[in-house]
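You will see chain A twice below: alongside chain B first, and alongside chain C after that.
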Partner chain A sequence: MRNLLCLPALALAASAVQAEPVAIDGGTLQLRVLLGDSTTVSIAPFRLDATPVTNADFAAFVAASPRWGRDAAPSVFRDAGYLQALATAPADYPITHVSWFAASAYCAAQGGRLPTQDEWEYVAHESTHLEPDTYAAMLFAYYADPASHARRAVGAAHVGRWGVHDMHGLVLEWVEDFQMVAKSSTGDSAIGASCGDTARYLADNDPAHYVTFLRYQSRSNYTPRTTTSTLGFRCAYDIAT
Partner chain B sequence: MKRTSIAVAVLLLASAPAFADDPHAGHQDMTAAPVDHGESVYHLEGRWTDHRGADFTLASLRGGPVVIVMLYGSCTSACPILVHDAHRLESLLVGDVRKKTQFVLVSFDPVNDTPETLADYATGRGLDDPGWRFVQGDRAQIRALAMLLGVRYRDNGDGTFDHSNLITVLDADGRAVHRVEGLMRPMDAAATAVAGAAR
Partner chain C sequence: MKSKKLNPALLLVAIASLTAGAASAQEYTVDGKVFGLPEARVYTEDYQGPPAVGEYLSALPNLKALNYTGNRTHQVRLDTFAQEVEIAPGKRYVAWTFGGSAPGPTLHVREGDRIIFTMKNRSDEEVAITPPLQNAFQKATPSRAPMPHSMDFHSGTVAASDKWRTIAPGQTIQFEWVANYPGVYMYHCGTPSVLMHTAMGQYGAVVVSPKDGYATDGDVDHSYVMVQSEFYLAANPNGGVMRYDHAAAMARTPSVVAFNGHVSAVHNEPLKANAGDRVRLYVLNAGPSGTSSFHVIGAIFDRIWYEGNPFNEMRGMQTVLLGASNGAVMEFIVPEEGSYKIVDHEFADAERGASGTLKAGPRK
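Moving on to the complex of A and B:
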């Protein structure tokens, strides 16, 4: 109910925000975290939202799909903090406090899906192209205090290749397969990689690889019901073949 | 907590007229308080197809125990053992419990595991029993179900999947009441959980 009451305000403020998807060229992702047998992954062309999904975007989704409202969504799909900031956060700020299930449902309603981890990492890498040490320094600072970053409108900075904004430094983002899946020593089952395994999974032992692993690991520590003040998402779209 | 206080408030409001000498107070419609099924896997929408070509929703499984396993048809290492484990669990169920229990084996592989492929799998292994369904869905549904059950998997892109081995027992409302992680584990506790869910 509270969410519904705040909708008109969000809708009015929403006119400035329009995150059209952009086309992402296919290519090869050089894996920096090695969880399976391969060191590269081929990425097919797809489309990706240019910015993270905003509060206004998500409020419109909830208005159209009330079952995803703050109190209506079943507990199996979200924790207690779900959408707790939606009523008060500015319309053009990234949506946060949103679970993986809710993010997936939002993207499905737009005819899309969450990007895979490999797709997200590919765009993040290809669209920033920072020197490894610059990249590492930037992300160590960000990951040490992500809560201080999620306080501006989407799209304000960090425009990269393909016109993609905000891959780093605004919010952390859900991906379809956010949990690390590593082969067990016997090769017959998948396990979650843990902290102590770090060195096993790095393609190289430099700060840039380590900070990338931190991102994989922090994602992997979420459950699909998790909601936090620093975690948002954007949607990907298949290109019809 | 919030839901509870709202429910209490509604009850208080509803009972208020009884104190006000209103002859119609007793005629007020009182709907039953909703039972909280928030933890049910059956909230997952979407249609699935089984190896007999039947189209169904997870919610349609409501009413009896369900044993749910995720695997893929061309898997030659862990999956046959996982299926065998589920079969061992079934063999521990007796009489009515066994009749009420459904075994749902969901494929990770929406491309190769068509209903026809799954039918070959089921008949080829002598698993085409009435209580067993080998099931296919679309990619997003499969991922969401795996997330609900706590199954991790990765599509290796070559027709193989790395995945955790998990057998989950759902109660009659679709809540996960027991999980068996790993292969060749004892099934006694799972059988007890199924029997409890069949009551």
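Moving on to the complex of A and C:
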């Protein structure tokens, strides 16, 4: 699946990174953030990268597709910070400073795509099964100083169900449908215009739901050109039927 | 493989951004107030300069005097970015700030002035702040916390869906507002999850002085600005700085309540006056969720302009109750030489840090 044209300097470190996709069983996601009438969503089986995409992975992609290089990528597809850390960050750290467009292109080159918001939430929830308060405390601790967390290798943290690593606590991740859209009988509308507008989207008002909403909401306010030091991604793959 | 298709969400947002400002095509006046300001502009810029720029911006507790007559147009920049700050001894956290402190700098303008405001979301940059627009008590060090943010000036009368819109890290927004109404106002981030954004430190004060002034303008010896706010923080189990405590924020049980961003700010550097002086305080309760029962121990406010509007004059108040985002101008005569404690008379909040000192010298 992965592009094997690794840069020689990165090849050794890259070989230590097991970012091969793993099989995710289908199931039901109990939604914490309610964007329509349903409170659950059914998830079909798919495959997902076991870890976020690394610098080595992305460098290999750029080597094979130079038009996605730091300076070569058209500015409509990325902001000024694009890939600013790639040259200096360790090979087995998660790629950051990557736009939604570039992440999508990377996944397409692997024969995959970005996971949907629901797929990502499903894996995050089912693979960790954290108690709500533990989950909330961990994520608020992450947001307390997010930049310090992206500075380690992928795959080091506790491995969850299906062999999935690093859903929380390393980097935030792009998803395919990253902008929140509220669906109602009167039509769809983008969320994010005003403040004090949270409770009607939350299944419950506890910290676990609030911090989940923060993840949806903050990602939703990015543009597809946005890059940050804490935002990476992993790819999903459909299973042929 | 999935077939290629347009992402409907992206399409929708693209359309929304094209039409967001359609309502504000033409400026007009009603009752002497100016409305219908130009559409906000969101763009990217290669700006690395000072994060707070404006002739009439000042660090708490100071207020820049308006050394011009009539009205003028102000160019004001207040970038938003993260700083690790101290709000009480041993209590540090990575604040989300406007201009590098929590509360941010105070802007002073006159009723009728126009403000051209610029803000870059620099939350993914380490921005160094420098005096004079620095809160010395917070001992800030640059940090990063990439996050979308917005700016909501309570002193402005505009379509929030346009001017107060959220921008991503790396983006800049520019918009105009006119100071139509005099008062002591809050500014804050209005991005959803707004309780967290404000509790993390994104607020400050705007003082819009009335065009004809207050009746006592000629008698005031000292003017100060005080902003009260709550901090909801918990120890981080992994060590390091403290983190936002959402359960406490929802229960309204702050870990710290402070004047001017630090429990010691108005003690270690007390407000100064002399016996017999008339002292004016511009007070804002930024919340985000609590009230302030503002009181000076040993003094009585003889003039209060609630919300800072000269029509809202009250007299002879021991305590002024301010809800979240209420402000007031309060004046008192300093009775004699000595030390005067300034408190939120809701003592649970005073004990959490909402207190300060005015130190009075002998009568001159």
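In this text, the second predicted complex is superposed on the first by the 219 of 241 C-alpha atoms of A that agree within 3 Å, B and C clash if a C-alpha of one lies under 4 Å from a C-alpha of the other, contacts with A are read in each partner's own complex, and residues count from 1 in each chain.
Methods note: contacts are C-beta pairs under 8 Å (C-beta built on N, C-alpha and C of every residue); 3 or more make two chains touch, one makes a residue touch a chain.
Because the structure is a prediction, the values reported are computed rather than measured.
Contacts of A:Val76 after superposition on the shared chain: chain B is touched, whereas chain C is not.
By the document's definition of touching, of the two partners only chain C reaches A:Leu214; chain B does not.
Of the two partner chains, chain C is the only one touched by A:Ser148; chain B is not. By the touch criterion stated above, A:Pro224 is placed in contact with chain B and with chain C alike. Once chain A of one complex is fitted onto chain A of the other, the partner contacts of A:Gly36 are limited to chain B, with no touch recorded for chain C.
Annotation for chain A, partner touching more residues between chain B and chain C: C.
Residue contacts after overlaying the shared chain place A:Gly111 against chain C, while chain B stays out of touching range. In the superposition on chain A, A:Glu176 contacts both chain B and chain C. Looking at the shared chain after the overlay, A:Phe101 reaches chain B, while chain C stays out of its contact range.
In the superposition on chain A, A:Val53 makes contact with neither chain B nor chain C. Shared interface residues of chain A (contacting chain B in one complex, chain C in the other): 113, 176-177, 179-181, 188-192, 224. The touching residues of chain B, counted against chain A in their complex, run 2-3, 36-41, 43, 77-78, 139-140, 143-144, 147-148, 152-154, 156-157, 162-165, 182-183. Those residues of chain A lying in contact with chain C across their complex are 79-81, 111, 113, 136-137, 140-141, 143-148, 176-181, 188-198, 205-207, 210-211, 213-214, 217-218, 221-224, 226-231, 238.
Looking at the complex, you find that chain A touches chain B at residues 35-38, 41-42, 71, 74-77, 100-101, 104, 108, 113, 176-177, 179-183, 187-192, 224. Interface residues of chain C facing chain A in the complex, by the touch rule stated above, are 1-2, 7-10, 12-13, 16, 44, 46, 93-94, 124, 143-148, 152, 160-161, 164-171, 190-194, 196-197, 234, 236-238, 240-247, 250.
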